[in-house]
Amino acid sequence: MIPAPLAGALACVVIWFVLGGFSLVPAAGASFARRAAFPLGALAGLALAAFGLRAIWEPAASATLLLGLPGMPFHVRLDPLAGFFLFLLGAVSTAISISAAGYFRGETPGRLALIGLQYFVFLASMALVILADDAYLFMVAWETMALASYFLVTTDHQQSAIRGAGFLYLLIAHLGALAILLCFGILHGGRGDYTFAALSSAHLTPQWATVAFLLAFFGFGAKAGMIPLHAWLPEAHPAAPSPVSALMSGVMIKTAIYGMVRVIYDLIGGVRWEWGVIVLVIAAGTTLFGVLYALMQHDLKRLLAYHSVENIGIILLGLGMSMVFIGFGHPMAGALGLIAALYHTLNHAVFKGLLFLGAGSILHARGLRDLNDMGGLIRTMPKTALYFLVGALAISALPPLNGFVSEWLTFQVALQAPILGHSVVRSILPLFAATLALAGALTAMCFVKVYGIAFLGQPREPRHPVRDPHAHSGGDVGPMEQFGMAWLAAGCVVLGVFPVAMLTVLNRVAASLTGTGLSTDALASGWLWLVPTTPAQASYSPVIFLVVIVGVVLLTALLVHRFYHGRVRRSDPWDCGFPEQTPRMQDTADAFGQPIRHVFGPIYLMKRSLPGPDDASPRFVLKIEDRHWYWIYLPIARLADFVSARVALLQQGRISFYLLYSFLTLIALLVFVA
Amino acid sequence: MGTSLAGQMVNLLAAFLLLVAFAMLSQRRVLSLVRLFAWQGAALAASTLLVAYSTGQNHLYYSAALAVALKVILIPWVLHRLIDRLDVRWDIETPINIPTTMLVGIALVIFAFALATPISEMSSTITRGTLGIALACVLLSFLMMIVRRKAIPQVIGFLAMENGLFFAATSATHGMPLVVELGVALDVLVGTFIFGIFFFHIREQFDSLDIRHMEKLKED
Amino acid sequence: MTQAPTIAFQIFQSILVVLAAPLLMGWVNQCRAWLQNRSAPSILLPYYTLAKLFHKDAVIAEHASPLFRLTPYILFGCMWLAGGIVPVLATALPFAPAADIIALVAVFALARVFAALAAMDIGTSFGGLGARREMLIGFLAEPAMLMTLFTAAFISGSTQLTTIVDVLAHRQFVIQPSLAFAAVAFLMVLLAENARIPIDNPTTHLELTMVHEAMILEYSARHLALIEWGAAIKLFAYMTIGFALFAPWGIATAGDWAGLPLAIAALVAKLAVAGAGLALIETVSAKFRLFRAPEFLSTAFLLAVLGMLTHFLLRT
Amino acid sequence: MELLSVLAFPLLGGILLGVFGHRRWAPELNAAMSLATLLAAGALTVRVIEEGPTTVLEEQFFVDPFNVFLVALTAFVGFTTALFSRPYMRTEEHAGRLSAGRLRLYHSMYQLFSFTMLLCLLTNNVGILWVAMEGATLSTVLLVSLYRTPQSLEAAWKYFILCGVGIAQALFGTILLYFAAEKVLGAGGTALLWTHLHEVRGELEPTVVSLAFVFLLVGYGTKVGLVPLHNWLPDAHAEGPTPVSAVLSGLLLNVALYAVVRSKVLVDGALETGFSGNLMMGFGLLSVVVAAFFLSRQRDVKRMFAYSSIEHMGIMTFAFGMGGPVAAFAGLLHMTVHSLTKSAIFFTVGHAAHATGTQSMDAIRGLIRQSPTIGWGLALGSIAILGMPPFGVFTSEFMVLTTAMHEHSWATPFLLVALGVAFAAVFGKVQPMIFGETTARPLPHPPALVPVFVHLAVVLMLGLYIPPYLVDWYRQAAALIG
């Protein structure tokens, strides 16, 4: 008999599939999808989260499905790691599904049916990726996930840019999948048994283990969006409809993290510190690259996508440190690193989902996605503004919200460096902490820009609004979308204020993978105090933090209003007495990034066009491009063209040559035989 | 006793086949090609008869008859008709520089022998060397097809190759089962007719049988 | 770790910090005036200013959002919290474990972010300009600060200020080159973070140079008072952090009132010296062009990182 | 009995349609005869499942797990293609591209073609196998040149000459095989019967057999379309009528590969070395890589999918070359899914070409707008053929890759590169054809999309679930191939 959590999880998956199928049913499908499908899907997500959470506290359970390869049916397994990611998927997708119900309300039946199908297949396949317990089911679910999301990305396929994005996305995803497949091939070792149990029992030479690690790391990294394989992410995530962007950025790229942890820690095993260093280097590059390019964006969704790249980098920092520590035989610190990474995975899922839903609300309510067209939205969309502020503070790693907790934990991991034996590694580890610090500060800058430009200040006149037929101008978005955002905002707060609960959960997950959890007095320190190692070394109590700040603010306000006569006069802004302010005098998003361009100039590939002195309508155009295109992608494409041009010489149309080919082949083989 | 005599005869005919193959390689005029083809067929039939007689494999008589009917009479006749109808009777072509082709051909023959010797060592049949000659004939006709620029000579090359195979079948291994022989013969016949149809189509499309017109389909 | 006397101690320190901060401000201004041989204003001038501001009518731009009005309180609250956490007079304060150095830096970051947001709220040209410059300075100052603190953290094996101070105060005196690096870096960060020359000039309203002032242009009366007061507390907190890291002598532990007078005396002495030093620096150095600021701060960042590395390399 | 009826129906159909092939109901008759063949094949299959391998007509014909499943596949695809060719040929006639006479030719040749292929599969006589294979060439060459355009003539001519020459080599190989077998089995009928050869394969003369295999490989390999013997294939696929392209890709190549594998079994038995396997792996790998790079240069949609067929034939050849239960299983599975998927793709492509009036991919746009079914059919088909799960093509590629990674890890980088390039090339070209603003017009005759989606559904099923009897069927066949 299948234990409850696993059965429940499978039931949720089935429900999602069924919902997807229903949305396809013509006529009835459309209204069904419009009314019932998404809320029901949200409920299933909620249930899934509950089951996942429960599974963390129960022994691993596995089951076998009837489908699958000959002699090897689909195996599913629910252990703490899978449970945690199911929880993530369920909790976040619940909010997204609910707001999707509002977002897609106005779609035409045809489109809605397809979106419904693809959306739920997407969700279900993600759940299956997490549940899979054999290489085949994993790959099937993995690629189904890629396909479903591809079709969602190309929902508006009339725009060639979106088609290009979809193509790039699916291509890189497929290459990554092939790499993963080969990694499984190495682990499989021709034994004909593809279950994870069998794969993890493979005995590999160090070289092969390293090859397997590299294949897995880059295979999953391609999906996670780490450099240099990130190119698809800033293209695809903005292209998709906003709830889908939220799902992709929030959850899908996390399945790649799941895959990395599963394969590297669980299947390959025997983690080596060199691997950790590789991960760290790539991670540091990803982090800085992501945030620096995010600062240059003025398309809101694109900007958020680049921040996903950055946050993947942060997660990988934690992961890499954990691998280094484990490699040097410090499982406890390793567990801490893993916990930090997983915690940030969850946090990023929550606040990035929130931010994308916010961006979607702006797009939906105003038809705006370019920051330079926005401004003063806080006055017309107060609710959205509030939730977005929470998300912005969270991603900027500001206490007492959740982003800070996980980055704080990551810092704590880096501060364990002195216990390492290897002097070089010991001294470079803090540098990665420095990277993290820099990235955090830059993120804060970036979101001051986003929030300040989009929600604060005065409305700018839109230059290129997106023609969104459902854009009802004026007022905030509908209750569904608001609820979705509120849900995630609450998540940001709860995860930020009560990290200890999550820590104990993650401790079980880490223990199930690394064998040892955190130190006892780390866990004994009670719900109030977040203690990674020992209270003497470090502790943080967001509750007290929050209470004190709120208390102090209230106290001050009280005192001030007690002793202050409280007369307030409204008038024009003063602005050093500068006459007639117009909205056009406000900073634009590009202007806000200008100092960064100045400081980090060499990193960017800038194409500037300055207006001439006698220019009737002067226009300053700045285009920032990603150097990776010119360093990696285009050369590869050119190489492929070159080769195929050479190959084409085989087919020059002259039959005598063709005969000659087969003649020579024959002769050659005969010589070879004789 | 007869074996040695018959064997020598067969070897003689084999040598003659080889000669004809070389002649075809160098022959420019289409009509002469057809004639050579007919001679090849005749030699084939004769050798088959000899083998049949000397080994008493009765079904080889049918094969021989088949060969005469098909390769000496029918196909040459068809080719003649075609040549008349297409009126390419006097049409000659210049294959790429004949001496080199000849040298390559000789190299091929040597190669074929080298390849065939170890096999013919273990052959139980009376006619050992013939396998090598058959292979040589096949390769030579292959070479001929490569160097020819016109459709009809190419097809004749194809048929000549089939002759070589037939020779291999009959002389090296006392003939394949009759059903197979018949099937092969049928294929050859049908093939010839289809080739005939093609000649006309090609003619009407490209108003020439020069296959150099047919190099449009290619990668660019 | 929560018993009455320490709580009392905590409250005492918090209030003391809040009340004493403007005094430090006044002292610095006085010293600067002397050094520039102007006739010095009263040391109590900041208090007068605050009082005056608190009695004015507030003028707020219309279409200012609630965030604009909330910000001053948040700034003040953050600074107060910081002042409560830093071991000014004593270590082992009950609040101290609530936030270690990383959280401390984060508190300042929180304040900065809100200040910048409020500056952009009105949508004036100067507001945006100020916010942009402030964040530019911040994104370099913050990591530099963190790295400085990490150096100390590595030496003492903890990120708790209390532990750091205990270790640093009660170990036998050894020259720590890493700490020297860190100290210089810290000083530079302090100047930048508190809007001091050579990065910023608290007394100017020149649009070319002003950073902090540009952000708070739209504020008046009580809001402005809270912001100024917060700034004063920030300076105070930074200095005391500096003392905690580099000159932790004479500090008491929470709960023993006996050690208090000595602690207060030590603090006053240190503050007097430090304030004078600050004034001296501001006098002898000229304000940088804005884009020298990143260089200045990246130097600080570099020094901090170097300090950390030297700690590892020289550790035997 | 079923066996003979399997052969009799298409032969009868060929004769009938040779007479009535120009009538209005000829397409229906064509489909009906194919259906009859399919039913007979089904019956035969059931019989074999129940009673195991059998031989009839003093062992001239035989069925074993290996060929019976190919017979079923051939009959099935033959039937669906006949269904597809109904509206297709009607449209051609409607457009005046084909006269009544040509239609008669087409229909009767279509039946004869399926007859020859079934004969190839069912005959026990290696010689007859050769005869039937040549017959398949002869029957299709006139179909390729059906339009009598210069291009189609050129394509047909190349097809004829190259395959004719190639097949001649195969005949020489067969003769050598006979030459070797003669010594063991004695002269006469039995020496060419595969079953007998199979029994005595251990005693055959190694040198002769290896020589024979070279000729057989070059010969049948030409028809499989192995690089560098492939040059006829893209032309023939691109210029012939689409139903013919479908059966060429979907069936003829399989049958040719079947012949190669049959010979490989004998040779392996005789040689006890990896000789034949390595040869096939080499050819397979070369075909995969070269075809992948060809793909990225194509403009004509049918031509592109022809190259994709070469690529997949390469994968199968590689798999069979590796040998071993898993790889052979994968090869057989890949045969099935490839012919189903590829023929489905050709169906959609045919309709797409009719709807847009061109085969040039630059001119085909936005199919999904004009006819969602054609668009989705092409989209899913391409995704399937590119080896994306949950379609069955992935299943076999999964097994091939994982096995190769273990047994011949040197080969995997090539496979990886080739699959990547092929994906980029095909998908990059198909996507704009499906999406975007449409250039398509409605079709005069309703498109036959049932075959498409039936094929894709089967392929999808094979990706998620393989019925047990199909599995042990494959298993027996794989065991047979070794």
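Chains: A, B, C and D, in written order; residue numbering restarts at 1 for each.
Note that in this section a contact is a pair of C-beta atoms (placed from the backbone, for glycine too) under 8 Å apart; a residue touches a chain by one contact, two chains touch by 3 or more.
Just so we're clear, the structure is a prediction, and the values are computed from it rather than from any experiment.
Undergrad: What is the chain whose Cα centre is as far as it gets from that of subunit A?
TA: Following the centroid criterion, the farthest chain would be B.
Undergrad: Can you identify which chains form the pair with the largest number of contacting C-beta pairs?
TA: A-C
Undergrad: Please report how many Å separate the Cα centroid of subunit B from that of subunit C, as a whole number.
TA: Using C-alpha averages as centres, the distance is 102 Å.
Undergrad: Rounded to a whole Å, what is the gap between the Cα centroids of subunit C and subunit D?
TA: 79
Undergrad: For subunit A and subunit D, let me know how many angstrom lie between their CA-based centres, rounded off.
TA: 44
Undergrad: Subunit B to subunit D: how many Å between their CA centres?
TA: Computed value for the inter-centroid distance: 31 Å.
Undergrad: Can you tell me which residues of subunit C touch two or more of the remaining chains?
TA: none
Undergrad: Which residues belonging to subunit A are in contact with no fewer than two other chains?
TA: As it turns out, subunit A has residues touching two or more other chains at 648, 650-651, 655, 659, 666, 670, 674.
Undergrad: Which subunit D residues sit where two or more other chains touch them?
TA: Within subunit D, the residues that touch at least two other chains are 157-158, 161, 165, 169, 211, 234, 294, 297.
Undergrad: Going by the touch rule stated at the top, which chains touch which?
TA: All chain pairs meeting the touch criterion are A-B, A-C, A-D, B-D.
Undergrad: Show which residues of subunit C lie in contact with subunit A when the two form their complex.
TA: Residues in contact with subunit A: 54-55, 57-63, 65, 67, 73-74, 76-78, 80-81, 84, 95, 97-100, 102-103, 106-107, 109-110, 112-113, 116-117, 119-129, 131-133, 135-136, 138-140, 142-143, 146-147, 150, 153-154, 157-160, 163, 205, 207, 217-218, 222, 226, 291, 294, 301, 305, 308-309, 312-313.
Undergrad: Where on subunit A does subunit B make contact in their complex?
TA: 648-656, 659-660, 663, 666-667, 670, 674
Undergrad: Taking the complex as given, what residues does subunit B use to touch subunit A?
TA: The touching residues are 111, 114-115, 142-143, 145-149, 211-212, 214-220.
Undergrad: Spell out the part of subunit D that touches subunit B in their complex, as residue ranges.
TA: My answer: residues 60, 125, 127-128, 130-132, 134-135, 138, 141-142, 145, 148-151, 153-158, 160-161, 164-165, 168-169, 171-172, 175-176, 178-179, 182-183, 187-189, 191-192, 205, 207-208, 211, 234-235, 238-239, 294, 297.
Undergrad: So in the complex, the part of subunit D that touches subunit A is made up of which residues?
TA: For subunit D paired with subunit A, touching residues are 157-158, 161-162, 165-166, 169, 210-211, 214-215, 217-218, 222, 227-229, 231-232, 234, 279, 290, 293-294, 296-297, 325-326, 329, 368, 383, 386, 388-390, 394-395, 398-399, 401-407, 409, 412, 416, 419-421, 423-424, 427-428, 431-432, 435-437, 463-466, 468, 471, 474-475.
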